[in-house]
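Note that chain A is present in both complexes that follow, paired respectively with chain B and with chain C.
Coming up: the complex of A and B.
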C-alpha cells in the first residue's frame, strides 16, 4: 500500500515538475509489474469508495482479458437475474490483454453488464484511446457497482479513483460534456468516456461514447451507466506498461503491421473507411432496404464512399492503428457546424440511408453527429426507425402516434427528428426507446412480425437471406443479431478452396467439409464457429478486427497472436491454446445467456428471412430466402462442433474439458463481496 | 555526408492520424515499457479540436538545449546529430527543457532527467513505425503530397 501510494503520489503544483521528480526520484522507482498480472478496481458509487484487487494470474491464461475475462467477472459480480437497470447490475470495463502494448492496433476496451436491451449478456467493445490510458493509470478492469445518489463523474488517474459531482453536466450532449470536462481538468491528454441524454434517459440502446466517435454501441451499456447516475469517466495514467521482450516485440510488431497494411482491403480502408463496403453490397443486393422490404437501394450513388470526398478532411486512427478507417469531417452549416465529426461507419449508411430509404450522405452525416452527441447506438436507432416507418406505411402507426411526424420512407427530416424523440423519450420515441420486443408489445397488432431482430437486438443493415453463413452468424451470436461476433465476411469472396482451407482448418486440424460457395449451407457452421472464436480472441486481447481475418484471409490469426502475446507479455500460449481459450470464453458467454433463459428457439431468425424472397440485386442474390430445414441443420451442426447438446447447452464433458464445470446455473448468487 | 546535411526527423502534421504508436515504440525501444510520458516525442491529439500534431526533437542546427546545459551533460555528434545525455553529469536542473523552443524536450517522470532524443542510435523507430508518413527521417523535408 505504501509503495503504491508513493508510486502515484501527486506533486505540489508550485514547483516545476522536473525539479520535484528529481527530488523524489528514489521514491518513484517503479516496481516492475508483470503485464499478465491484472489489476482491478471495484468502485462503489453509493459509498464513493474503491478498492484495488490483483486478479489470480490463472485467470489470465484461462480468459485472457477484455471481453473474455469480462464475461468471467460478470458471472462473479452480477447476481443472476438482477435488474439490468438496478444498482446490483455492475458495469465492467476491461482492457484487453495486449491493450496499450503497441501490438497491432491494441486499442480496445470492453464493456459488460446484464443488457437492459435483451436481458441477456451485455457486451460492447470500443476503440479509441481509453483502453491504453486505463492501463497506464494502473488498471486493467473497473467494476462499477451501486447507484450514486446524485449525478457523478469519476476521475481515474494513477492508481486512484476520485468522485466528482456531475449535476451541471447532466442533460448535456456528448460534445458539450467533453468540452466541459476538458476545460475543468485542463489536461488534453486525458481520455473521457461519457453518456449523452439517451443514456441519462435510459434508452435501452444508449451507448457509451469514448471520444467523438468511438462508442460502446451495442446492448445498451449507456443505459446501465445512466441508471447508475454516472455521467462520465475521465482517465489519465502515467505508469509503465512493461513489455516482456522489447526487442523481439518491436521486430515482430513491425512484421505484423506489414502483414496488415500490405493487404488491398487495408489500403482501401485507409482511404475510404468502412464505407467502401457499401458499393459492393448494395450492387450485389445484400443491403436491408426500407426495413426489410428490399435488399438494394437503387439510385443511391450519394451513399457510396466517394461521396464523402467533399466532407472529409483526412483520416483518424485509434491507438496504434495503421488502418485509420475514420474520416475527419465537418459540416459547413446546420446545428453541428461548430463540431468536428468522425466516420461515418458502414453501419450508419444503412441506419440513416437504405433502411429508412434516404439517399443523402449529408443526412447520414447529420444523423451520425446526432446519435454520437445524444449517445445512441447507430444500428439499433436506424433499425427501430425503419421498423416504425414500415408500421406507418402499413397503417399500424399513424400521425397520432408519431407526434404529428410524417414517417414516410426517405423523409430525411423525420429521421433526424425521430432520433431526438427517442433520445428524449417523446411521443413514439418513448416506445421505440424500449427496444424491439418491448416496443412491439406496446404497439401490438401485427407489429412484431416486421421486426428484424434476434434475441431482442436489431441487426446491421445487411440482408442475410442470400448468404446462409452470415445468417447463421447473426442467429447464434451471443449478444443478439450482430455481425461483429462471428461474421465470416471472406465467405463472400468465393476464395480458392485451398486458401479457404488454409484459414479454416487451423489451428485445431478441422477435417469436416468446407465450401467456397457463399450460397451453400455446407461447411458454414465451421466458418462461423472459427470466426466466433477468433473474434473472441481479438476482443479479449484488445485488438481491432480489421487486424485479423475479417476482410482479408491473409491477416493475422491464431499463430501470429500467439507470438504477439509471448513477446509482449511473456505469456507462452500456443495457437492451439489460444483457440481453446477463445472457445472457453464463447461457451462462458453462452452459459450466461442460458442462465438468463436462452433456449434453442432464440438461436433463430424472424420468419421474414424464410418467407419473403429478395426482390432485387444480381442473379446470385435475387429471389433468395433461407430454407428452414437446411438452416436448422446448420444450427445443429454448429452446436455439435462446439460440443453443445441439441438444445444448445454445453455437455458435462465439454464443461469439464474447458474447465467450466460448476458455472452453469450456479454462478455467483449474491455476487462478489 | 551529402550536401543536404545529416538526416533528421521531419514532421508532416497533415498526415498524422493520431494513433500515437510513435510514443509507444519510443518508450519500448529505450525503456522496455509503453508509457507516453516517457517517450522522447509526443503527439498532441484532440479529436474535438481536430488537432493531430507530433512534437519531436528537430536536431536543430543551433541546439539551444545543449547550449543551456551548465554541466555539459548534454552533447551531440555533429555529423549524425545524435544527442547523448551523460546521466552522471546531469543534476536534472531542467535548463535544457526550458530552453527548447519547440517544447520537444521533457523530463522523465521517473528520474527527472531530460528525455533526449538519440535517434535510436541512427535508425529512429518513430519514423520506422509511422506508416502514415507523418514522421520522416531524411536529410531533406519530403514534399507534402504522398
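Coming up: the complex of A and C.
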C-alpha cells in the first residue's frame, strides 16, 4: 500500500481548521506503511561537495530524530575533544521525527555541535519554518563539515545542495542578509537560515537565525557556522512527506489541538505570548534583577505583557501551530522603523529589562531587534551585560574598560551600545563575547563570584533561590544553565496532589514521593527527570514545548505522542517505549559531556544561590536561598533515579539497559567519520 | 466548529475567578474592573482581562505590596 502525502503549507490560511481536516480526511485513504527512513546530507565545505546517506532505520526507533538523533550523529561525526571553532567540529541540523507532518506545532529543528561557549554539548532548538522545508527538500539531517576557503551560502533544494559565494553578504546583519537572499532567489516560500555579524566574529554565544525572530539561540551555534565561513543556508523543497495513516493522523491531531488550545495558558499566550509569565514571576519575586542582587523589579508596569499592546499589530505562529504566541510589532521611529519585529519573549524582558535594571518596553523591543539583527543569543547577551554592570557598580570595571560607556543600572543607551560592542568585539565587548568563564578569567579581580552561570552558560533571568525544583533543573541541564531542558514549571502552580501524581507517575509507574509545595526539596528530582525526558522527546519529535506539559498539566505527554508517532510514521512505540527512548537520549547527552570533562561539581550552582537570601517578593519567596546539604541530596537523588553513580556517570547496567554500551569514553577516538 | 474552537469561545455566563498569587485563594472580581482585593489575605491586585469571561492578575498594586517601604531600586 502507499502512504498518503501531506503538504500542510499549501493549505490556504482562510480555511478554518475543521474544514481543512475534513478535506484532507476525505482525500486520503487509510494506508499501513512505516515511514521511518531518514536521509542525511554530509556536506564538505572545503571541497564543495555533498553525499547523501540513508540512516539505519534502527536509529529512528532508538533516537527518534531532532535533538536525540543529533546527539547520536554528533558522537559519530565529531572527533572527541575537537576545537569547537575548528573545521573538524561538524554543524548538525536535524529535523524532528514528526517535523512537517500532520502533528500540531511540528516545526522544530535542532542544531548540534561541540559548543564554543561551554566546550560541552552544543545543542539548540528552533521553530519557524526551516525544519519542515528541510524535509520537503528531501533531508532530515545535514552534517556540515570543514571550513570554506571563502564565505559561502548553501542552497538546499529538492535533494541537492548547491554552493554560492557569500562575500557580498559578509558583514550584513540578519535582516539585510534575508532581504538580499530573497531578492536573489526570488522565491518567497524558501526558508533562510543565516548568521549576523556576531556569528561572523565568532562571538561564543552567537546564534543562527531562521527568520526575524526564530533562533537557534543557545550554546553558540552561530559561532560554529561563522567559523566555517558559512553565512546562510537557503532551503526550498517541493517534495511531500509520506504519512502512514493520514485519516487517523488528522483526527487524532484534531483532538490534540483541542487539548492544547482549550487550556487557559494557551488563551493567555494567544493574546500576550510568553511575556505573560513576567506578570506572575515578577510579582512573586522569581525574577533576576540587577544581575542577581534582587529578585523583583518593583513598579515595572511597562515590562508587563499588557504593555505590548500599543506596539503589537497581530500575533504570528510557527508552522502548523494554533497557539500563535508571537507578537508582530513595528516601532514608529528609530533605526528599525522599517522592519517588522517579532516577540519579545519572556527571556527578553529579563535580558533587557530586569537584569539590567531597565523599565521600558521600548528598550526591550529595540534591543530585541538589535540581538536578532546582529545574531546574538538574547539570554546570554543580557546576562553578560548585567554581570558587567554589577562589576562596574563594584568598581571592578571602570570607564576605561568600557570604551567610555557609563554602565549604570537602567542606562538603556549603554545596554544597546554594549550589544553592538559584543557583536563587533570592541572594547569590553570583546571580552564579554568570549562567554562567562573566559571573560571572568580575563577580568580577574573576584569577577567570577558575580557570574550567574552553570557549565559556562548563563541562566535565564529567573531567580531559582526560592524554588528547589527549578534550581535543580538549571544545575543539571545538559547544555548548561537552561530552563528548556527540564523545567517543571507546573510545580509553581501548587496543583492538587492527585493531579500532580497523574502527571508525574506516568508512564513508568513511579511510586516515590511527590510534593505540591514549590519550596520543598522532596520529590523534585523526579519532576526534573520526568520533564527532561519529556522535553527530550518533544525536541526529538520536532514538537513545540508549548504543546506538551510545560505550562499546563493538561497538555499532551507520552501517551498522546505515542499515538501521533504511530499515525504519522507507522512506528509503533508505546508511551513506555518513548519514555525509554527519551531516557536513552538524555543519557547519551550526558555521555558526550562526560567525555568532555563533565564532573559532579559541574552539576552545581554558583555560591550566591546558597549564600545570598532573596531580599524582595511575596512572603513565600522572600528571604530564601538554597540549602547546600539538601540541594546535594537532591542532585544525588536525581542521579539515582537516572541510574547514574554518585559521580553522575552511567552504570554498566544502565548502559546495557539502554543499549549504549561502548559509548562512554572515546566515542570517536578514530577522528570521526 | 471543531470541539477545540468551541471550548475556546468566550462564555459570558461563566463566573470569572482569579487566584491570589500570595495566598492562592480564588476570588471573584467585579466585571471589567482593573483592581481587586483578595478577601482572604487583603492584598490589592491589578487585573487584566483576556476576555470578558477570563481575568488574570497583572501585578500588585505596588503601593500596598508588603515590604516596599525601604525599597529604592
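Keep this in mind: the second predicted complex is superposed on the first by the 635 of 673 C-alpha atoms of A that agree within 3 Å, B and C clash if a C-alpha of one lies under 4 Å from a C-alpha of the other, contacts with A are read in each partner's own complex, and residues count from 1 in each chain.
One rule holds for everything that comes next: a residue touches a chain if its C-beta (ideal position, glycine included) is under 8 Å from a C-beta of that chain, and two chains touch if they have at least 3 such contacts.
In this text, all values refer to a predicted model and were calculated from it rather than measured experimentally.
> Check the residue A:100 against both partner chains and state whether it touches chain B (first), chain C (second), both, or neither.
first
> What is the contact status of A:316 with respect to chain B (first) and chain C (second): first, second, both, or neither?
Only chain B is touched by A:316; chain C is not.
> In the overlay, work out which of chain B or chain C sits against more residues of chain A.
Looking at chain B versus chain C, the one contacting more residues of chain A is B.
> Scan A:254 for contacts with chain B and chain C and give back first, second, both or neither.
In the superposed model, A:254 contacts both chain B and chain C.
> A:620 contacts which: chain B (first), chain C (second), both, neither?
Only chain C is touched by A:620; chain B is not.
> With the two structures laid over each other on chain A, which partner does A:497 touch: chain B (first), chain C (second), both, or neither?
A:497: touches no partner chain.
> Starting from the residues of chain A touching chain B, keep only those that also touch chain C in the other complex, and list them.
Residues 16-18, 21, 254, 257, 261, 322 of chain A touch both chain B and chain C.
> Across the complex, what residues on chain C touch chain A?
Of all residues in chain C, those touching chain A are 1-5, 7-8, 21-22, 24, 48, 50-51, 54, 56-60, 62, 65-68, 71, 73.
> Enumerate the contact residues on chain A facing chain B in the complex.
Residues 16-23, 25, 28-30, 100-102, 129, 132, 136, 175, 178-179, 182, 188-189, 211-213, 238-243, 246, 249-250, 253-254, 257, 261, 313-322, 324, 328, 330, 339-340, 342 of chain A touch chain B in their complex.
> Using the touch rule from the top, collect the residues of chain B that touch chain A in their complex.
14-15, 17-21, 24-25, 28-29, 31-38, 44-50, 52, 91-92, 94, 97, 107-114, 125, 128-129, 131-132
> In the complex of these two chains, what residues of chain A are touching chain C?
Those in contact with chain C are residues 16-18, 21, 254-255, 257-262, 264, 266-268, 271, 276, 279-280, 282-284, 289-290, 294, 297-299, 301, 304-306, 322, 357, 409, 494, 616, 618-620, 622.
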